[in-house]
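Two complexes follow with chain A in common, the first pairing it with chain B and the second with chain C.
And now, the complex of A and B:
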C-alpha cells in the first residue's frame, strides 16, 4: 500500500526500468510465501492480528492456511512477472505512473483479501480490488468504450459487493463472530440462527458478480479494454478468482446445504457452457481468452457446487493449472499485439519463424489448456472428469457439459496457437520480431511451470493437499500423479481431444460461417444491463429537472419548510412553556440591540434595492455578534463578525452579475414566503423557550471546563474542543469545506461553457 | 471598483492582516482565536486586495495558489493526527512537548499543528471562492 503511494515518484526517477524495480517487491513476497510452504503443508497456520476498531470487533487479522497460501503465491508470483512485463509493455505510453499505482494497489488489496481472517477487513479489501480494477480497466480514459467498460465492471462488482456485505453481516450476526476461522467452526450456530439461507444467497450473489458467473458474465469480456498486463493479472489469475476463493473459503459452512449445491451447479454449468460456446465464435485473441476464462470460472464454481472431496481436489488443482496457462496466454496475446499490431486471429498466421520463443510458450500453454500429458492441465482435467463421473445424481448431465466444454476448449486452444503461429499466411503490413526478454520472461516462466508441475506432480502436491483440506475439512490426502492408468477418465479425455480437433478444423475451415453467426442483442444480459442503466439515467434526469429548478428561493423555502415539519413532529409532545422572564431582566443594551435588529429585519424585507437589503442583513448579523459578546462567547462573536464581513465582500463581487432585484408584488407569493418565515421563526422561538426550561449545566460543560487545561494544555475551551477533544469532527468539516471550494470553482468554470477546468 | 482610500490602505493593511491572523492562530488555544477565525482574517485581507486589483494580480503579487493551500492544510491536519500513531497512541491523540513554552502560543503540540491545517484550508477555501467569483 505504501509502495503504491510512492510509485509515481519512483517511476519518474527510474523511467522505463521501474517495472523491474517494482517487480522486486512481489518477488520478495513470493519468496517469503514459498518459505512458508513447508510449514503450512503440515497443517500449521500462521496468524497475525492487529487491532483496528476494537470497539466494533474489527481487527486486521490475517490467517495463512493452505488455501490462502495457494492464492498468495499466485498473486505475488504472477504479480512479479506481470510487473516486469508491464514495465516494457507500457513503455512510451503516457501516465504509466498512474498505471503502476493502481496495479500495485490492486496487488496489495488482493493479497489482503486472501489473507484476511476478519469479515469486515475482507470486505474492505474486496471493495478495494473492485475499485483499483476500475482504474485499471479505464486506463485508456480518453476512450469512451474504455470508460464504459470500466464503469460496467465497477457497477456490477460493486453491486455484488453490496450483496456480499449484507451477506457477511448476516453471517457475522448469525454466527456471533466476525472472525472467519471461528465462523467456520460454528456452522451449526449459524444454521440455527435463521440467517443461514439469506447469508448464503447474498454471498453467492457477491461472488458471482466478482467471478463473472452467468448472468453477470458480460463485464469480463468488456473489461478487455484494459491494457493486456492487467487482463492477464486481474482477469485471469487473481481478481475474478476472488469470488471463487470466497466460495471455497465459506464452503465448509455451506457445503451440504441443498441450495448451495443446486445454485452453484446450475449457474456454474451454464456459465461454463456459454463461455466456451461464445469463445470459439470470437476472432479477437483477448476476447477468446476472456470467454474461455469465463468458462473456466464456471467450471470452478460447478466443481465447488459438486462439493465432494474429489471435486474440491479437482477445483484446487484447476485453480493452479488455469492461472498458469491462462496468465501465460494473456501475456502472449499482449506480445503478439505489441509486435504485430493486431489481435485478430484471421489476420495473424505463420508467426512461428519470427517469434519462436513466444510460439513455444504459447503452444505449451495451449497444450496444458487442452489437457494433454505431460502438462499440468492434463492432471486437472482427469480430476475434473473423476469429479463429475463420481457424482451420485446428475452425473451424466455434468459429465456431458464438461465434455462439451472440453471439446470447445480444444478448439479455442487451436485457434490461439495454430491459427496465430502456423496456418495461413498472415495479412500483416509489418514484419514482426521476437519480443524483448522482459516481455518473454513472464509467459516462458509460466509455461515451464505448467510443464514442471505436470512432470513432477509431487512438487505442488503438499500445498494443494493442504488447500483442499481447508475447503473440505477431512478430505482424503491428495496424491496427484500424471499417469492414472487406462480408465474411463483417460478414454473420455482422448475422445474430448479428438472431438475438439474436429471442432477446430470446422471453425478453421469455415471462417465465413463463423462470422455470420449473430446473436440477437436483446437476449444478452448485457442488453438488460444497458436498458437498466438507461432507465436510471432517464429517471434521474426527469427528477432533477423537477426538483432542481434553479431558483434559490424555492430551495430555501423547501429546506426551511421540511425542517419546520420535522421539528413540529418532534415538538408536538411538548407543551408551550411559560415565559419566566420579566422586563426587569433585560438590560438597556439588550433592548437597544434587539430593537436595532428588528428594525433592520423590517427594512431587509421591504427594501427596494438589493444593496440595501444586504446592508440591512449585515446589521442583523452584527447584532447577533454583539449578543454573543454580551453573553460571553468571544470566539463565536469574532467568527460571526468575520463571516458577515466576508458575506458583504462576496456580495459586492457578484452584485453586478445578478439578475434584477425581484420585488414580489403579488399577494399570494408574498404570503407564501411570509408563512414559511413566520413558521420558522415561531418554531425557533419555541425551541429556545423549551431549552431554557431545562437546567443549563450539563456534565459535558463541566467536563470540558475542568479538563481542557490539564488534558489538552489549552485555556480556550472552544478551541480545545475543536482541535483536540472533537478534532475528528473538525477534520471531517474541513474536508467538506475543501470539497465545497473545489465544487464552487467547478461550477464557475463550467458555466463558461469551456469543457475543462484548469485545476 | 476604484476607491483610492481602499486601494492605498489595503497595501499597508495586508501585512497587518497577516500578522493579526497569525497572532489569532497561535493564541487560539488559550484565548479567543483559533485556526478558523485566523483563516478568515487572512483571506479577508486578500479578498479586499482582490476587489481593488483583481484576482489575477493578487495571485501573482503574493504567489498564492488557493487549491494548493487547501491541499496543504488538509495534509497537515491529517499528519497531525497520524503523528501519535508513530508513538503508539491512537489516531488524533494530542501530544505536547511539555518542556518548551513559547510566548503567545503556550506549549507546542499536535493540536496546534492541526489548527495550522485548519487555518490554511479555511484561508484557501475563501480565497478560492473569492477569486472564482471575481473571474466569473
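And now, the complex of A and C:
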C-alpha cells in the first residue's frame, strides 16, 4: 500500500521508463495480498490505523477482509498486467510519463478506496479516483471530444461524490461512528437516528454515478476516448466497480430496507437491459465492450438488490468473472486497434490466421462472457440464474430480464470474436501481425485465469466465500462447482445460449438493419446532461452580464446603497442626535464660510461649464482650508491651500482643450442619483453628529503633548509626528507621490502611434 | 461652527456622490475630489475640534498645555491631502490622454473590457 502510494513520486524521479518497471510495484503488492489470502480466508481481518485528524475522528485506517482483499487482488493483479501492457502500447506516444503518473495514482487511490475503514478517508480516495480518471480519460487533450468526455465523467462522478459525501456524513452522525466496521454493526442505531433513508438514498446516488447506472450510464461509453489500457483498467475492472464495492460494503446495513431492494433492483435491471441492447447495436469494439460493461454493472447492482444469500454469492463470483474476461477483452480490443488501426467490427475479419494467440485469448474470454463450461463465466451465470429463480417475489421478471441480457451478451460475444477473427474478409489495407509478448501477456494471463478458475473452481472458493460473508453476514458457506447436474439453471443457460446464437446470426446476416436503428438524441440522458450544462453556462453568462455590466454608476449605486442600508440598520439603535446650537459660541464668519462652501459645492455640482465647476471646486477647497485655520490646524490649512491651487491650475491647464462639458443624464435618472446621494450625505451627517456627542478617550493626544519636545526637540507637534514619530508613514506618502509622478510621466509619454503627445 | 460642520460634511458627501454617479469622466474626478474634502473634514471633526489652539509647544515650555488641538488627526489628514493630490493629478492626466485616444469623455463608452463578448 505504501509502495503503491509512493509510486508516482518514484516515477517522477525516474522520468520516462518502461511500463515493465512500474508493473513491479503492483505485482509486488499483488504478491503481498496473495500471501494474505490464507489468513483472510479463515475469517481473520487485518487492520492498520494511522491517526490523521483525530479531533474530527478521521483516521487513515485500513481494514482487510474478504471483500477488500478480492478487490485489492483485482486492482493490483490487473494493474500489473495493464502497466506491462501500457508500457508497450503507449510506446512512442508523447507525454507517457504523465500517463503513468495518473495511472499509478489512480491505482493507489483505488487500492486506498477498497481498503479504507474510515468514511472520510474512503471518500477522499473515492474523489482521488475521480480526478485521476479525469486525467486519464482526457489524456488525448488535444482532442475536443476527449476533453469533453473527461469533463463529463468528472462532473458526473464528482457530482455523485458530493451526494456520497452527504450520505456518509449522515451515516457517520446517525451511526455515531466514522469507522466502517463499527458502523456495520450499528444498523439499528442508524435506523433510530432518522437519517437512515436519507443516507441510503445519497449513498446509492453516489454509487450509481460511479458505477454508471441508469440514468448516469452515458459517461462510461463516452469515456472510451481514453487510451485502451485505461479503459481496460478503469472502466471494466476497477473504477466502475467502486460503486458496486461501496454498495456491497454497506449492504449489511441497508440490506432489508424496502427502498434498498426496490431502487437497486429497478435501476440495476434497467441498466442491465439498456446496456445489453445498445451494445449489440454498436460497431466499435470498445463501445460494444463499454455497453456490455454497463450491462454487467447493472447485473451486479441488481444482484445486490435481490440481497439474498445466493444473490450475494452470485454477485461476488460475477465480480471476479467479469473482471477477468472484460479486462482481457479490452486489452484485446487495444491490440487489434494497435495492430490493424481499426476498431470497427465491420471492417475487421479473419484475423485468426495473423493473430492466433490474440484470437485464442479473445475466444476464451468471450466463451467465459457467454457462460459456456468449463469457464468461470459459466459458474457465475449459473449462480445468477439461481439467484433470480430463488426470489420470492418478482422472480419471473428478473429471470426474464437476465435471460434477455444473457441472449444479448451471447450476440455481443459473437460479434467480438467471430466477426473480428473469422467471418468475412477484412477490409483493411495493411496486413496485421501478431502483437509483441508484452501486449499479449495481459489478455493471455486473464483468459487462462478464467479457464483455471472454471476448471479448478476450488481455487477461488475460500476468498469468494469470505467476500460473500462480509457482504451478507451469516451467509451459508460457498462451495462453487462447475457441474451442478441437470437443473433449471442449466436448461436456462442452454436456452440462453441457443437464443443468443440465433440473435447473433440475425445481427450478422443483417448488418444494415442494425445500423439503421437510430435512437432520437432527445430521449437520451446524455441530451439532458448537455442541456443542463448549456443552461448553467447561459445562466452564468446572464448573471455576469447583469452584475458586471460595465456601468460604473451602477456599481457605485450598489455600493452606496448597500452602505446606506447597513448604516441605517445599525443607526436605528442610536436615535436622532440633539442639535444644540450654542449661541454663546456663535461667530458670523463661521456661518458665512459654511454657507459659502455649501453654495460653492452646489454650483460645482450643477455647473454647466467645466470652468465654472473647477472654479467652484476651488472655492470649496479654500473653504476647507479656512475650517482648518479656525480649528487650530495651520499646517493643514497651508497644505490645503497649496494643493488646492495646484489642482485648479492643473485642471485648467490640462482640460483646457477638452471640447464640451458632457451633460447626459436628465429627468428621472437625475432624481434617482439625487436621492441616493442625499441619503448618503444625510447618513454621514448623522454619523458625525453621533460620534461627536460621545466622549473621546485619546491618550495618544497626551502622549504626543508630553513627549514631542523632550524626545524629538520639535515645538510643532504635527510636524514632529509626521517626520519623527510616524516618519515611515511619511516615507510611504512620498513613495505614493513618486509613483503618481512616474505614472503621469508615463502617460504623457504614451503615444498610440497616430499622434504626438501634446499636453 | 461645530454644529454646522456635520451638515457641511453631509452636503459635501452628497455632492460628491451625485457627481460620481454621472457619466462624465471629468465629473467623476471632481466628485472624487469633493469626496476627499468630505472625508478629510470628517476625520478632522470626529476626533474633536478645538478652536484657535494649534498644537505648538510654547517657547520655554516642554509640553503642550490644554486647550490644544489634537495633533494626531492633523498629521493623518495632512498625509491624506497630499496623497489625494497625487491621485488627482494622475487622474486628470489620465482623462487628457484617454480623451486623446478614445475621443470620448463618456464613461459608458469605456466599458468594453468589462463586458462579455457576445
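Keep in mind that, in the parts below, the second predicted complex is superposed on the first by the 531 of 759 C-alpha atoms of A that agree within 3 Å, B and C clash if a C-alpha of one lies under 4 Å from a C-alpha of the other, contacts with A are read in each partner's own complex, and residues count from 1 in each chain.
Just so it is clear, a contact is a pair of C-beta atoms (placed from the backbone, for glycine too) under 8 Å apart; a residue touches a chain by one contact, two chains touch by 3 or more.
Predicted model, so just to flag it, every value in this text is computed and none were measured.
Chemist: Quick one: is A:727 in contact with chain B, with chain C, with both, or with neither? Answer first, second, both or neither.
Modeler: Touch status of A:727: first partner only.
Chemist: Scan A:718 for contacts with chain B and chain C and give back first, second, both or neither.
Modeler: In the superposition, A:718 contacts both chain B and chain C.
Chemist: Thinking of the overlay built on chain A, is A:649 touched by chain B (first), by chain C (second), by both, or by neither?
Modeler: So A:649 only meets chain B here.
Chemist: So, does A:553 touch the first partner chain B, the second partner chain C, both, or neither?
Modeler: Touch status of A:553: second partner only.
Chemist: Who does A:621 touch here: chain B (first), chain C (second), both, or neither?
Modeler: The second partner, chain C, only.
Chemist: State whether A:531 touches chain B only (first), chain C only (second), both chains, or neither.
Modeler: Touch status of A:531: no partner.
Chemist: After lining up the shared chain so the two structures overlap, which partner does A:748 touch, if you call chain B first and chain C second: first, second, both or neither?
Modeler: both
Chemist: In the overlaid three-chain picture, which partner chain does A:639 touch, first (chain B) or second (chain C), both, or neither?
Modeler: Both: A:639 reaches chain B and chain C.
Chemist: Mind telling me which of the two, chain B or chain C, contacts the most residues of chain A?
Modeler: Counting residues of chain A touched by each partner, the higher count goes to C.
Chemist: So which positions on chain A get touched by both chain B and chain C?
Modeler: 634-635, 639, 643, 646, 650, 654, 714-716, 718, 720, 722, 730, 737, 740-741, 744, 748, 759
Chemist: Touching residues of chain A toward chain C in the complex: what are they?
Modeler: On the chain A side, the touching residues are 541, 544-545, 548-553, 556-557, 560, 579-582, 585, 587, 590-591, 593-594, 597-598, 601-602, 604-605, 610, 613-614, 617, 620-621, 624, 627-628, 630-636, 639-640, 643, 646-647, 650-651, 654-655, 658, 661-665, 673-674, 676-678, 680-686, 688-689, 691-692, 696, 698, 700-701, 704-710, 714-718, 720-722, 726, 729-730, 733, 736-737, 739-741, 743-744, 747-748, 750, 752, 755, 757-759.
Chemist: Touching residues of chain B toward chain A in the complex: what are they?
Modeler: That would be residues 1, 28-37, 40-41, 43-44, 47-48, 51, 66-67, 70-71, 73-74, 77-78, 81, 91-92, 94, 96, 106-107, 109, 111-112, 114-115, 117-118, 121-122, 124-126, 128-130, 132-136 of chain B.
Chemist: If you look only at chain A, which of its residues touch chain B in the complex?
Modeler: Chain A reaches chain B through residues 634-635, 638-639, 642-643, 645-646, 649-650, 652-654, 657, 711-716, 718-720, 722-724, 727-728, 730-731, 734-735, 737-738, 740-742, 744-745, 748-749, 751, 759.
Chemist: Spell out the part of chain C that touches chain A in their complex, as residue ranges.
Modeler: The contact residues of chain C facing chain A are 1-24, 26-28, 30, 33-34, 37-38, 40-42, 44-59, 61-64, 68-72, 74-75, 77-79, 81-90, 92-97, 99-101, 105-108, 111-116, 118.
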